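Inspection log for the structure reproduced underneath, given as structure tokens.
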Amino acid sequence: MFTTFREWIDNRHEYAKAWKQKTENKAVGYFCTYVPEEILYAANILPVRILGSHEPPTVTEPYIFAMFCHLCRDCLAQGLKGRFDYIDGIVEGQSCLHLRQAFNAWRLHIPTDFAYYIHVPHGVQSPHAIPFLTQELAKFKKALEDWTGKKITNEDLDRGIKAMNKNRELMRKVYEYRKLDNPKITGLEAMEMVLSSQMTDKDEHSKLLEKLLEELPSRNLNRNPGVRLMIIGSEDDDRVFMKNVEALGATFVMDEHCTGSRYIWDDVVPHEDRLFAIASRYVNRVPCPSKDWPEFTRVNQAVKLAKDFNVQGALVIQNKFCDPHGIEIPPLREALKTIGVQTYPFEFDVTVPWGQFRTRVEAFLETLTGLAELF
Amino acid sequence: MITAGVDVGAKYVKTVLLEDGKNVLTRANGIVGFDVWKSATEVFEKALLNAGLKRDQIAQVVATGMGRKAIQKKPPINPGEIVPEVIADAKGAYHLIPTAKTIIDVGAEEGRGVKVGENGKVKDFVINERCAAGAGTFIETMARALEVGVKDMGPLALKATKAIPMNAQCCVFAESEVVTLIHSKVSKEDIAKAIHDAMAGRIASMVLRLGVEKDVVLIGGMARNPGFLPPLKKELNTEILVPENPEYVGALGAALLALETEGQK
Amino acid sequence: MTQVKEYPTELLKIWNEGKQLRGKYYKNYLTAHERGGLRWAGGAWSFSAIPAGLGEDVYCITGEPHGATIAFFKDFTAKCHEAVEAAGFPRTLCAYMRNYWGSILLDKYILADGTVVDGHPAPDFIWQDHICCSHGKWYQVARWLEEKKGRKVPMYCVDVSVGYPMDKPLEEYKINYIFQQLNDGIEWLEKVTGRTYNDKLLCEAVWNEINATRLWAEICTLNQAVPAPLDEKSMYSLYVMGTLIKHRPECVAFYEKLKAEVEGRVRRGIAAVANERFRVITDTQPPWGFLKIFREMEKYGVVSLGSLYTYGLIGMWKYRPDGTWAPKELPPRKPQTREEAVRMIVEWTVDRPEWAHFYVPEAKTKMILSIVKQWKVDAVLLHYNRGCEGLSVHIAENRHGLVEAGVPVFPFEGNMGDEREFDFPGTLARLTTFFESMELKKLKE
Amino acid sequence: MSEKSREFWRWREYRHTQPDMDWHEAKMVTAGVDIGSVGSKAVVMLDGKLYAYSVMRTGGVSEETAIKVTNWALEGTGLKNENVHYVVGTGYGRVNVPFAKRTITEIACHARGAHYIYGPTVRTVLDIGGQDCKAIRCDEKGKVMSFLMNDKCAAGTGRGLEVFADLIRVSIEEVGKVSLNVTKEPPPVSNTCVIFAKAESVALLRQGWPKEKVAAAYHLAMVNRIIDLLTKVGIEKDFVITGGVAKNIGIASRLETNLGIKPLEPKLDPILAGAIGAALFAKALYEKQIGLR
């Protein structure tokens, strides 16, 4: 199963082109997980997450100042290099200033006939956020209808909601197997499962998940799980880092990433007003730090997950220049320390110097295992 | 009429003696020491010696480069005027290649991009910010880490088999990755290529801010490094012309400007 | 050397009055508790007219101007940065925010004149707004730091990140979203302070704010005159009143007096810079620790008339039918009830120029081009400000738009609040190269 | 070599054998090989006592360096590779030490090595390497309790000093001393990163500042950056400095004045801390292997 997930990620462009040919429907690129994919599925449009290629994004210099994170520049670089020429439009659900620039620069400099920005509110802890987002989603639905020339009915929305909820639920079931003393999947595999879901058709992805869930109980990784780690922080699709860390005698048993648990943790609760139901999901979901104030709900979520998956140590990731996650590092590390989970901070960039990181990871693992036998 | 151009760079002083704005009588260079005035004077006098001339036979001198202020209003050079590097680069490169529209000058410390209008006039320019400084010296430091001569770094890079993407935002990040490569059994050729690709990436991102218009001309000390040109062409995806004696183009431009100021008087 | 005209110059008479007003306000904030008053913390863009309804003795030092004051004093700001980094925060975060947190961690407070007082005065409540990613979290963490010192500070934050379309009025449901949050906020203020809210004071404060922010725009318009009566460096000390006390009558009175004096200077042809011959505008906050860069520019006869930042951070503007960018028209009459006052301040504030550029880069480029045209500007100096991601969002797109419109642009990288990252000698060398490429020779050493 | 072309960045390579010890009588011969980003060290111990060591520059291929530095440590002692019972590799190139049975990070090794060099009262170890700085908190046995390494911008302290020495044309071994003969400490250059610091130093030299004053400003900037790291991890007495830069008196004395804590005086070359720690771990591992532990 995981080889298919991996292939889907590595050949994401070929997959989307083949899907378009087969279905003769449109595909839309999106930047952040605050885009309501339920409505896109309702309009029979394939949402495809735009992520970077981890190569220096020099082409973006005239459009985004290099002091903004590598993710937003790397995403724009993919568009400028023509690697997403097959998508029919782009959509962004408001999150941080960084990805907003990738969206605007794409809109301004890469020909596309549909560019829509949904003002998902930041005040998600306010009671007025859901009614506000419901009206924003109504405008978004209308814009899709005008663009595709097809009405989006309640049945379509139900189909979209069902596809998303089912996919999320199945992935949560797979995550449960990571609580075992000897987890049935590695951290790398979990990331590949969620990442591939963000770039492929949900129903197709869910079928694979159902087969995976049949096989998991008997699956044996025959590897020593070693130290139980958790990875928390900025958007992270760096699979090389995950692979390398898990080769040093540790396993990522849990994550708090928008490319991981945060993407699958909340479902749409059915309601007569479908848009209200979808809006409630995106307001009440585990928030991105850029929307998480005045209370630290995401930090509390990370602490809860660390307990539930009995984590021994956590790697706290900040994409260099990422302010929302950078601001939360000290409160997050302190909260985890109070429940006995040691942490170590990492600064990620477009390319990652594995030499430096290997020393930090191994030394961190040594503090967790204590090299007891050598003293 | 003989004029002179003195380009006091971050690391080297370059001097050009020019006859009637057409043929170059001699070129001389030397390392910049603490006493900038002394180093510039030594190189200037070396040029006079090579050409068998005296100071009073030089009608006009114009100085340029980072250290130009150190020789202002002081004998023996006593330049009639001092001009920023950007203006001297434009003049010199335009003289050598009149179709030049975008000039890239990469020296030891600084990198510059100049957009040139008609008759070599500066339309727009960009100079690397400090984060992107130190192109030349970075290659020197990394040559030391690889136990390779600085001159051999370029040719070594051309023999590489694999391209390894490396951070192109600043030398400190790039250096951390070079150390990683050294300790993960990557061949010296591939490491040298990664270093040159990173430097080219940094200079390209600066020039892209300016916009690339054909013909593109590369000048400055780094133009002599054969490993630097191919990745720069790839990043800017354009052909790049390199004139003869690329590190003297600034000094040549200054000598041409000296002719103009002498003409106006 | 071509002969350069010399304009008469003269010091601003109102200058000291401004200094005293600001100094007095800092003291009032510090000593508020001694007189039973209240202190609140929030940003320069938070709706400061709303807490004014709690009483006349309610004071606020807004975060950004305080961050700038700290940045101005090099060694204090260095200690703040060190304290924040020692606490584990990354160095790339907003420089104002780090200065603010630093003074909490050091438990020190610096006044406008540079004296450092022991004990960081904890606010009674936090009243903030959120449009930049760092806004809400700035005070969320400030609150977390205060709590670790045993001081519980309640926090309320109004989300205004609703999207501001270019050249279209704001939809009703967006205005309503802000209006409802402010209405709930008044009840919250009564709960956390135990005071009964006074709607009459609110109406006064809203009307003061509307007048003060319009007056500042009118004063900025006077800089269209040649020679320019004000230069940006002095405007920094004048507009700061608007970031601190735009809801107070003293601020309205101050700006009325300032406007009269500047109108007098225009009539008499008084210049801010004697040999003005090249008019520039800048963008976003300057490197506060290196304002001497303006004096270097004056040696070339270059004057900075201001920027979208000095004009639009608090000044309120609107495009007129004829396409010119002008001070916003006052509403017909003073608000009488709480609902009228809150709706009026929301409808007034949503046209804030610097909110539009968070969403549409073309909006800011258009406003800068209007200033270039109407203020007769020769070049734009763009500060690629590493210290503030909010005001430098889309800055590369703005540069792109200006260059395509044929405006000479000089971009320079720096940091408004962390002077360790500002390369003064390098920037000065590049700036003088830019002037020389504009055929401007140095006039005096 | 003319003054012009001398390489001020190159430091002296050296080795040493303890004369009064004889490996034939030793029950356990163990070695620690520390392949750093700039310098490589090999240490040979007899029953946990320092016997022979060598220090040389890390070359372009770390595997060759590992072999060369180890052979140089054994040179003249009569010992051959096979006589060494257990070898532990550490440092950047630890994975490339062909004959190392186990690799342990330099954080654990420096803490253990500092315990050997400075004694059991050590609680805070600062290792200023060529590429990275490490601030380590350890217990009375030299076991790591917590640690922190520099962020991306603060990399390259050791190599930065080499580039700086080349810039002001003073040998790397003297640059610390030169930085101290100033009457008053000048304001530091920027400590944002090595590139900013060097650029500002060049500007100061061009303004006519004497070498000593520029060196003082540069060293103070590096020390401020190191202090940031130390305050993050928290400093508990006794405090020691290990790694090559420990011998730079310009850094060590400024750390003392600005931290207000006196680092202990090393009885042994602090650059060996990593390799010593590795050799001691090798002894513990060998004891486990032959059932002694």
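Points worth noting:
Per-chain numbering from 1; labels A, B, C and D assigned in written order.
What we mean here is this: a residue touches a chain if its C-beta (ideal position, glycine included) is under 8 Å from a C-beta of that chain, and two chains touch if they have at least 3 such contacts.
Owing to the predicted nature of the structure, the values given are computational and were not obtained by experimental measurement.
Note on connectivity: the fewest chain-to-chain touch steps from chain B to chain D number 1.
Any chain touching chain A that also touches chain C appears here: B, D. Sorting all chain pairs by how many C-beta pairs they have in contact places A-C at the top.
Here the CA centre of chain A is 41 Å from the CA centre of chain D.
Taking the mean of the C-alpha atoms as each chain's centre, chain A and chain B sit 45 Å apart. Computed centre separation for the pair chain C/chain D is 49 angstrom, with centres defined by C-alpha atoms.
In chain D, 92, 131, 151-153, 155, 196, 199 are the positions where the chain touches two or more neighbouring chains simultaneously.
Residue positions of chain B with contacts to 2 or more other chains are 66, 130-131, 173, 176, 179-180, 183-184, 209, 211.
Across the assembly, chain A contributes 61-62, 320, 347, 349, 355-356 as residues in contact with two or more other chains. Taken pairwise by the contact criterion, the protein chains are fully connected, each one touching every other. Residues 4, 9, 35, 37-38, 58-63, 92-93, 95-96, 130-131, 152-153, 155-156, 159, 162-163, 169, 193-196, 198-199, 202, 205-206, 211 of chain D touch chain B in their complex.
Per the touch definition, chain B reaches chain D in the complex via residues 10, 31, 34, 36, 66-67, 70, 109, 130-131, 133-134, 137, 141, 144-148, 170-173, 175-176, 179-180, 182-185, 188, 191.
The residues of chain A lying in touch with chain B in their complex are 54-56, 58-59, 61-62, 66, 349-351, 353-356. Taken together, the chain C residues at the contact with chain B in this complex read 384, 396, 399, 403, 408-409, 411-413, 423, 426, 429-430, 432-434, 436-437. Residue ranges of chain D in contact with chain A, taken from their complex: 92, 104-108, 112, 131-132, 141-147, 149, 151-152, 155, 281, 284-285, 288, 293.
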